[in-house]
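Read through the structure below, which is laid out as structure tokens, and then see the notes.
Per-chain numbering from 1; labels A, B, C, D, E and F assigned in written order.
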Amino acid sequence: MFDAKADDRAMWATRTSGEIVSTAREDGSVLVLPVGSIEQHGNHLPVATDTILAHEISALGVERVVDEIPVLLLPPLWSGYSPHHLTFGGTVSLEFDHLLAVLEDVVATALENGFDAVVLVNGHGGNQSAIDGAVSTIGTDHDDVEVLGVTYFQLARSFIDDVRDSELGGMGHGGEFETSLMLYLYEQLVRRDELNGTYLDEPYDLGDEDLLVGGPLAVYRDFDEYSETGAIGDPGLATAEKGEQIYELLGDELERFLRSVHRRNA
Amino acid sequence: MFDAKADDRAMWATRTSGEIVSTAREDGSVLVLPVGSIEQHGNHLPVATDTILAHEISALGVERVVDEIPVLLLPPLWSGYSPHHLTFGGTVSLEFDHLLAVLEDVVATALENGFDAVVLVNGHGGNQSAIDGAVSTIGTDHDDVEVLGVTYFQLARSFIDDVRDSELGGMGHGGEFETSLMLYLYEQLVRRDELNGTYLDEPYDLGDEDLLVGGPLAVYRDFDEYSETGAIGDPGLATAEKGEQIYELLGDELERFLRSVHRRNA
Amino acid sequence: MFDAKADDRAMWATRTSGEIVSTAREDGSVLVLPVGSIEQHGNHLPVATDTILAHEISALGVERVVDEIPVLLLPPLWSGYSPHHLTFGGTVSLEFDHLLAVLEDVVATALENGFDAVVLVNGHGGNQSAIDGAVSTIGTDHDDVEVLGVTYFQLARSFIDDVRDSELGGMGHGGEFETSLMLYLYEQLVRRDELNGTYLDEPYDLGDEDLLVGGPLAVYRDFDEYSETGAIGDPGLATAEKGEQIYELLGDELERFLRSVHRRNA
Amino acid sequence: MFDAKADDRAMWATRTSGEIVSTAREDGSVLVLPVGSIEQHGNHLPVATDTILAHEISALGVERVVDEIPVLLLPPLWSGYSPHHLTFGGTVSLEFDHLLAVLEDVVATALENGFDAVVLVNGHGGNQSAIDGAVSTIGTDHDDVEVLGVTYFQLARSFIDDVRDSELGGMGHGGEFETSLMLYLYEQLVRRDELNGTYLDEPYDLGDEDLLVGGPLAVYRDFDEYSETGAIGDPGLATAEKGEQIYELLGDELERFLRSVHRRNA
Amino acid sequence: MFDAKADDRAMWATRTSGEIVSTAREDGSVLVLPVGSIEQHGNHLPVATDTILAHEISALGVERVVDEIPVLLLPPLWSGYSPHHLTFGGTVSLEFDHLLAVLEDVVATALENGFDAVVLVNGHGGNQSAIDGAVSTIGTDHDDVEVLGVTYFQLARSFIDDVRDSELGGMGHGGEFETSLMLYLYEQLVRRDELNGTYLDEPYDLGDEDLLVGGPLAVYRDFDEYSETGAIGDPGLATAEKGEQIYELLGDELERFLRSVHRRNA
Amino acid sequence: MFDAKADDRAMWATRTSGEIVSTAREDGSVLVLPVGSIEQHGNHLPVATDTILAHEISALGVERVVDEIPVLLLPPLWSGYSPHHLTFGGTVSLEFDHLLAVLEDVVATALENGFDAVVLVNGHGGNQSAIDGAVSTIGTDHDDVEVLGVTYFQLARSFIDDVRDSELGGMGHGGEFETSLMLYLYEQLVRRDELNGTYLDEPYDLGDEDLLVGGPLAVYRDFDEYSETGAIGDPGLATAEKGEQIYELLGDELERFLRSVHRRNA
């Protein structure tokens, strides 16, 4: 279902117990956990988009470093926090504190194998505060492990202006950014005749302006207040070429980051 | 990572929001949720075995009925309850009540789309009481939905004597049964030179005698009390042929069951 | 209220603090906790039937071994999990996770006295998954104690075919089995002119066929879907003679089991 | 095990579902729930003393009014909150919030039958704050029911000076008061050659001076700070005659109270 | 907002980290935590009355002893438990178990600095059972710390008969007692033309008769059952002079108590 | 203790029940809740710095709009989430989920008065994810209320470059920014001879560079890994003049924001 693959050596799910222990005990070992969601993504993208992309980017980063770094990739957690999408169908969501509990339990038991660091790679904006919270609660409980979290699309901050065609607000939920990535990676899952979204128009100046240009304001809004289709941004500007470019640049960023995590904790 | 596929129409993850709602609202619609685990499976099987098999059998059953029944298959939950495997490596486990909470949240939000029935298809013995508990707590909260749970390998009770070569105790955790299925479905993931397990030898007469011959006794035991490799049963007797046979017969059972669920709730 | 009595030496409630410690510290000591419920039992049986019977059978087993084994019997927990009976009156139920918490707390504090093993003796089908879950969560927390659970009526599997008069489905909730036991033990509590029930008719082939012939299916159903009176099975076939026979045979089973628990953990 | 009996009509446990509903629906119906504990009570009293006495006094009060008032008596909850007794053996305790949850669940489901009032009759000082808390949380959730709680021995405030022989501090945990009641009701359970306790000597002026003369101070102290035997007060002054006198006077108080509860809520 | 001030040396909030540690490590150090609430207080008193008064009395007691005793005063917790006041406006309330959790967390982390004792000074009757519960749960977790709790107005039991003008029932929620204190301390916050309340009239003989004359009965009642204005007692009898007298006498009581706590734990 | 004051009309704590209801029911009413913490702030700042500043800025914003907008200011919540400061003394912290619960309860009960919007004004970086989480969980439960959160110092993003003297990394925990504000508002609380901190030096490129220049990375680190004194940034560059300038500009920002919240929800 989630097809992303890195080198076999890095895939937790398909390794044996003993093989996992052996990698985890190496010096500077890093555990990577993709965290996504299942939620409406407009009329053109599959509901698992955030899980798929968190998983794909994680797998790409891991693939890039597996020859040099002891690293293991857990399967993606697809049960995220998405109450703001429930008015549309197709959405599955945990309670906030249950997502926190799952993150804590999964990481705590995985860390028993002996990792020096763990990186949560999030794919869904609505998960962000739970991820950040979990980084703190997990960090508090594991003094000797480096506990880190990042939302994968935030890694594009450094390069996105060179890539995008849309104005601010065109890269939102199911907009130019995510749709381009999906066109590159899973073209067959994109409904090409449904590429409709609404530019992000948060009413407060302090609010977010784009997937990648956040404001200081936290606001709760059912997504039907933003968009009729459920998609925010301009999916019509998406192309597979742009998707490939974003994919490779995200891979560069994550690769660089994973190397620095390994180095610092070896 | 979890490669099982049924017909596209039945795959929740890759459908859009609107498509899911449309199926869920049909008469007699059925939601299927595979629940697995990630835990040591001896030296010969990958740690995701229970997730993989719960997913594969679920997908097979769904594939068999998708032409006639409105049915949707969620991705497999791979975070189960496996504290008894933690002394071996490679195991990831939720707390018992957190697994319960995840099952309740996932099903509750998914049911909002309008299903008439939900079937939890479990792949891990250690999940059984959480699954059974969740069937009750979910059932209590959803008067108008038929809430059901089944551990897939229990569906083999009716035919297993005709298939097995091992004595009682040979079909345990990573034994003849699971290893045969994995040899048929994912031969490349089976470490053929590590096919070692220990026949199940629960000290009490009232205890389980086999994966498929349970006793009335509930007992908690770290798996290193049962087996040095972590595997219980006789994986050496496993063959891909037997795996195919079991796979098809399980498919028959699940197909029959899904049809009856649909019929009764249409 | 719950009149079952074993030898004074074995009754936790009526012993002093120091006497309890002294027994618990003996080699191979066993703690027994009956767990019942208070719930409708048709028009002919009192609502505490499950608590009464779990208590009586536990006390019988304990009485049989008290001369040779250091054993203590806690009073029966009468607050079980019975949401499926609430549509009838007279039912009292804990939330599922609260029952789990009570079991964990009671056993954890009782074990502080030094027992080598604990056996939960359950009397209510609806408690089963909580009991099984508690065996795991308690076991996880107490490495050096043997943690066990059994539903007393499952001990009749080995002999019931020789005793019963009803067809499959006749031994259900308040059916031939429970009513016979109550007629033998507490005849005055049985309303003889209300011995009406409905044979168990679970619509799925995979479902339970009888109190003692379970199927692999977990299903949630308010009891008014099964029966108008609330009783399932055939109480009309119940006799005190059968009750005595069942009682003694259950005593044999439990005695044998308690001896093996003691032996294995001495 | 807990032998107290009121008139059959009032005993929840031994009535049928339909009989309970019928009483609960009468005008001004009252539900009574005794709450005790299992905890060390010195070397002379059984550990269930608080449960036994809460139950006996409740049953007595109920017996006195059953002819005129629709009233039902639940079995005593014996799992209380007693962490301060755990250093002695024989003690079983719930976590504070689990006791609260049990009280809330039991009462909430029992009230579904239609009672107009509920009275928690507590027998253990350590339960007091959980009982008081539960009265509030239950009251908040049941607008149309009168929710009340009382610790039975506080009912003796009005008459105890006429009965007691001990100085202040002589009626504590297992002291003259409780031991007298037990001598009257269950002489066979009192170890007469172990009637030793220590007068209550709380170091702060603001603290309690006696079971029945409380101060404004809340203090947490393991009971081994107060007493070597675990008993506080002067059990040596206890007599069965005094026990009978206290018993009857408590019955008068509770009878009067239950009548006023009924009157006010009819 | 809460203006009470003791000597700078005793104010936790305005000291630095190092200064706090230094005081806490002294022999016989005492931590004081005022706990109030925000809830309707009739038409004449501000909603923060209970927080203000718990804080003022705590600060007074601390001020009196700071020269001789290592003592620190935390800011007042203003989020209490007040569901019974919600039908009136202006009330803010935690769930019961959340108040308990806050008390446990705040005290547990504060105690890490090395205090020998902690005193919770409560200002709201509705908090009492949570405070008492917290004293137990905190005490259970901190063997080496003296854990104490007191409701400040209960300290007036010893002298109130010499001060009061009202009959029994005139000192209730926002009555003669609290209004006098507020007139003395914060006259500008008292609405002098709204000094209306209703004498306490709890229907049961076993209930409270006054703020300072409690009965054994716990009862839950929305405050609109007692009083139309929300105030109970006779605020019309309040004077600033009486307020000063009460204030000083409470200060004497608390001073004496804090000295004894220090002495006993040095 | 927390001295910030806005116009009396806006102060929840000192108003009466009826006055609060009256304001809350006006059209476009806004509730403001400052959320701070008590935690080490280096050797030069008091531990309540974050509470003090969140409160002061909130009060300033409220003061600016109270003539035109129905607005109420709750007292500051001083119990935040600060486990990363516990290795230094003087820190008090809630568990993450308890902070979430407190925010949810306080806001839920306050909203019962009829507000159209609520703004959480946070003063502590470590609270951020709990605040963001609470905005979502509260928003989910209150469809008809605008739920918003902002960390006050993030409001300085727009102007800080014109004000600061320090390089990036000089405005951290207790650095140039917070110290300047404290020198302006509470000079007497700043220990002028202890103005020592360490420039922020987060080892990862993706990490935060400054209080006001965040990176996408979430990382958990005990603060003793960053700084010997506990302060991060350059408090030596702080001045009261700069503090005033920042204070007024923050007031402008918050005023503008509160006006827009009112307008949008009137």
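One rule holds in what follows: a contact is a pair of C-beta atoms (placed from the backbone, for glycine too) under 8 Å apart; a residue touches a chain by one contact, two chains touch by 3 or more.
All values derive from a computational prediction rather than experimental measurement.
Considering every other chain in turn, none proves to be in contact with both chain C and chain D. With centres computed as the average of Cα coordinates, no chain lies farther from chain E than B.
With centres defined by CA atoms alone, the chain at the far end from chain F is C. Chain D and chain E touch with mostly matching residues; of the residue numbers seen at this interface, over half occur in both copies. Contact count check for E-F and B-C (C-beta pairs in contact): higher for E-F.
A separation of 29 Å divides the Cα centre of chain A from that of chain F. With centres set at the average Cα position, the gap from chain B to chain E is 56 Å. In this assembly, the C-alpha centroid of chain C lies 49 Å from the C-alpha centroid of chain E.
Across the assembly, chain B contributes no residue in contact with two or more other chains.
Shown here, the protein chains touch around one cycle, each chain meeting exactly two partners. Following the touch contacts around the ring from chain C toward chain D yields the chain order C, D, E, F, A, B. Put simply, chain E touches chain F in their complex at residues 1-5, 11-21, 24, 38-48, 51-52, 55, 74-79, 86, 88-95, 98, 101-102, 105-106, 109-110, 112-113, 189, 191, 194, 230.
Residues of chain F that touch chain A in their complex: 81, 83-84, 96-97, 100, 120, 126, 128-133, 135-140, 143, 146-151, 154-155, 157, 203-206, 216-222, 256-257, 260-261, 264.
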